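Okay, got some structures for you below.
Same chain, two partners: subunit A is paired with subunit B first, then with subunit C.
Take a look at the complex of A and B:
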């Protein structure tokens, strides 16, 4: 009886012991810093002098600064601009290369995924060489001086191109893995019933892959709303590439600028605003993509 | 057996004791230096100084910490209590105000006292803050007009005769007429912050008044700077090209850029960009007076500072003052490849014949630099300078692109500075 009781109590504790390392590190390295940054967002603090309580002033200042709205719009442009190419094309490629009938599938899959494993820094440097206004490879080939990295619109297109090129492979692999969840028998049955290939994709593959799409869309949205490295590397115009034109600024750039200048209160406030934006968009995406499941 | 064990233990104890003593005798004080870029250049500096002063080498050992953003790192270290701050660090003059106003740097006045008489007073301005010597100047960013002597000679342009903005534009036209693919300067869609500081330091422009209130929309120096830059851009004598782009790098070698207004530090880059073939063809001249500026500097220059929270303040001060304030160390440093082109900042070093040789550039570069040093002026940087610049530059870009008037640009910058920064001197 006592032995059984001890075993039961052991069984009861064991799962908690397994998750304990994660819970402790989550509290230490995520919850506490997050709570601290939330408190900090109501203070004026440069990191080493006295912190002054300023209430909601940091938030009001951010909302009253037109560049915050410009950065938000830029971030959304980058998100919307890259979304369709990295979503539709890799899906179609995954459909094509996922088929058993395709020859050299392994080779094609490797080639498509290759850009994703190339360092982003190296990719951006190559893009800079390709897109230079006067000595860039593309302009030299077409004999023009298109300001790919300088004009407000072209520079956004250049950043989107880099995002698409670099992110393409990740979506492809996710969709390829997702396609394995679609039963071949089901597709065959539909074909026997007279469904055409596009109908199989529309009515069987896509609905079954909805959870995969949801995962890909949410992950991509979070990473794109936190976009920082791509514009920084591609559009940086000072010796240390820290200065990028405002037309290429994202919300994280604004946060980084404040952090970099020791304006920790404002940086924290921007971080929390971004958190609320991501939360809102995620809820929206979950709701929209879950409608069909009912 | 017991006796043997006792003897062995005794021998071992004596051995360990003597070993500990020898360690204690030879242990050197470890000092940490924080800088940016290639670690090797700092190694060269300290090695050269330690070679010149073997007694330093006997006492101290260096440890280098390279950071891509030394200021952010310093802020974090200070926020964490300051126990992990380095003993010494490199910092640009334009960044010193924020930290010096909070007493982050040690006062080196006493350590520098023996060497003060040999230092150039213009250079020492860089390291003074509220009566304290907050570091040792290592480099002055004097204003230099770099130009292709061969192209200028063929076009009949004498830089010494170019006095102001109008002359500069006329020279640009003359050059472009002779060499249609060459331009006298580049001003792209993204103006560099250093251009602002270069002109503003020379014409007395200010972003804020004595109380820290922003006055950028009413300051005559800032307005003159904006209008003159616009005049130059609209004249068509400059190529529409941003600095630090692949195009810009190539423009130094392919003749697109026949000259550029910049600061002395560009001399470290031109040999690489322009290539060996143009050695001796690039020359240096004084800036013409743009926007009424007479001399000036770009962000002043750089310093090596000792952190007030360092545990080895005296040792760090001893090393730095010897390194940058004695000719003995200067001579050793000049022997290194990296610092061969650096300007002397000591009177006796500047007077030495060997200082006159500036590799790669046409003869006369040293005299130009010394003349530029005589006109050395500093811009009044606030602790929020980097944030101010981030606000101002897009307005400058819009004005130069013709999408916004100078009035609207200055008013916009003023409004944004007040909105986001409130006061230039408040923490």
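Take a look at the complex of A and C:
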């Protein structure tokens, strides 16, 4: 090993040339805009007149804006509402399938995962037909006119149903992959010692899968915080241009709207608030889930 | 004993899976069925089979609708996604090779910085990118949809992870024969890494093809729009009396954009699923 290292210690300029395209592109399209965004978040800027420094006023304005708090509450509702269907059910299903000897395993994985690759745009448009008030599929079937896409509460349920439908397969695959890290011998040993199946799950499978749960929770939390297409396209189309705003709005909706209105300073500040929330939530989750590790 | 218990719970599990698959499929089946109905029929009979099936929706979208903008959008989407994916793959694989197999000053620091930036959401860069692109006249172009994001740290990490498993002796032997790193990379390492490169390729292609937010902000001239931002704006221009959402056209459009994606997924299903499993190792 050390011999190899000394032998290859001179790779010259080549490695730098290899990382150059990546680094240049990363600096141009990520680092510079990020830094610019940070600066911009302290300025009032509409794109054509001169930018004026306003300190933390953009941030204060957002915090004083009830629409922001509502979008946070909406995000929280979406998160809580979709959590059990996309966590508990896929986990149980993966657990059940994991202990089966079936030649259809690959087929099941493919079919359950399928909705996840369908574009959110197409999914949202189909869900509009499923959930329409007058002639939607569900309302036709139950003979009612439930305003799934118009009422502030039902709207959230509709967004959640789309999130569940679209996300289910991802969690299923992640949990199935995670289950392969739990050794069969360990489970066998526990059952020979008289542990019941649920005890094996509770005391062996779940603790071993903790890193996988942590991964899934953090990823899911971040993508929920960045939710945008689902409410945007499910609850409003071009032709009625968001008839009832706000009840389904999210943080990115706010960023999008501010950007479209040319309020770039505020839009940037929203981006940084999103970052702070993601950072806070990630730290919190690592802390909470790491407790009891040892 | 254990075997018997398994076979007993078997049917219940299979039944649950069949239910889940049925729910997963239903919206897609509905989309396909409704694409053969008129908008009037969808509003009268959204769930059932088409009573009078018609190809009019497809004809309207693919031929008549705004100078063939729908087909243009599809072509745009494929062009943008393929170019973007090729560049991402090239840039990421090359960098991954350097980070995994070469020795150079600052390697660890640079890699650490790149990984550290993964906590920053890319949405952060959208407002400044909009201003920057507006200044250099890049809004409403192809490059604005292709270039940002090709330096994808996630892809870089995934490829590097795989390359770390490629034995150094393979590189040594090539180097001893006097081959440059570029030669070793392209002729020895890249072929060995085909599995991970395919995964990265397919995941990037799917995410670019399905992206909505970025083009919705950066592109508003329809000839440069990808299909995902054209699709929700489809209107019934041949029927100016109707203010109803033309669901028949929308469903035909959804079907057209979904079929290639499903076909690609079925061909590369193993890679897509492996990619999801691999991502645990990357971020976990």
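By definition in this document, the second predicted complex is superposed on the first by the 257 of 294 C-alpha atoms of A that agree within 3 Å, B and C clash if a C-alpha of one lies under 4 Å from a C-alpha of the other, contacts with A are read in each partner's own complex, and residues count from 1 in each chain.
Criterion: a residue touches a chain if its C-beta (ideal position, glycine included) is under 8 Å from a C-beta of that chain, and two chains touch if they have at least 3 such contacts.
Values in this document were obtained by computation on a predicted structure and should not be read as measured data.
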item: Clash or fit (per the criteria above) of subunit B with subunit C on subunit A; value: clash
item: First (subunit B), second (subunit C), both or neither touched by A:111; value: second
item: Contacts of A:47 with subunit B and subunit C, given as first, second, both or neither; value: both
item: Partner chain(s) touched by A:284 [first = subunit B, second = subunit C, both, neither]; value: neither
item: Partner chain in contact with A:261 - subunit B first, subunit C second, else both or neither; value: first
item: Contacts of A:136 with subunit B and subunit C, given as first, second, both or neither; value: both
item: Which superposed partner A:88 touches (first subunit B, second subunit C, both, neither); value: neither
item: Touched partner set for A:61, first subunit B, second subunit C, both or neither; value: first
item: Chain touching more of subunit A, residue-wise (subunit B, subunit C); value: C
item: Of the stretches 44-52, 80-88 or 134-142 belonging to subunit C, the one that collides with subunit B; value: 134-142
item: Subunit B/subunit C common contact set on subunit A; value: 47, 128-129, 132, 134-136, 237-240, 259-260
item: Complex contact set, residues of subunit B against subunit A; value: 36, 68-69, 71-72, 75-76, 78-79, 82, 98, 102, 104, 188-190, 192-193, 241-247, 250-251, 256, 384, 386-387, 390, 393-394, 397, 416, 419-420, 427
item: Footprint of subunit A on subunit C - complex, ascending; value: 2, 5-6, 9-10, 12-14, 16-17, 20-21, 23-25, 27-28, 30-31, 34, 42-47, 90-92, 94-95, 97-99, 102-104, 107, 110, 114, 117, 119-132, 134, 147-151, 153, 156, 168, 172, 175, 180-182, 185, 206, 209-210, 212-213, 216-217, 228, 231-233, 235, 243, 245, 247, 250-251, 253-254, 257-258, 261-262, 265-266, 269, 272-273, 276-277, 280, 283-284
item: Residue ranges of subunit A in contact with subunit C within the complex; value: 4-5, 7-11, 14-16, 18-19, 21-23, 25-26, 29-34, 36-37, 40, 45, 47, 89, 93, 96-97, 99-102, 104, 108-115, 117-130, 132, 134-137, 140-141, 165, 168-170, 173-174, 176-178, 191, 197, 211-212, 214-215, 218-219, 222, 226, 228-229, 233, 237-240, 252, 255-256, 258-260, 264, 267-268, 271-272, 274-275, 278-279, 282
item: Touching residues (chain side subunit A, partner subunit B) in the complex; value: 44, 46-49, 61, 64-67, 128-129, 132-136, 147, 149-151, 236-243, 245-246, 257, 259-263, 266
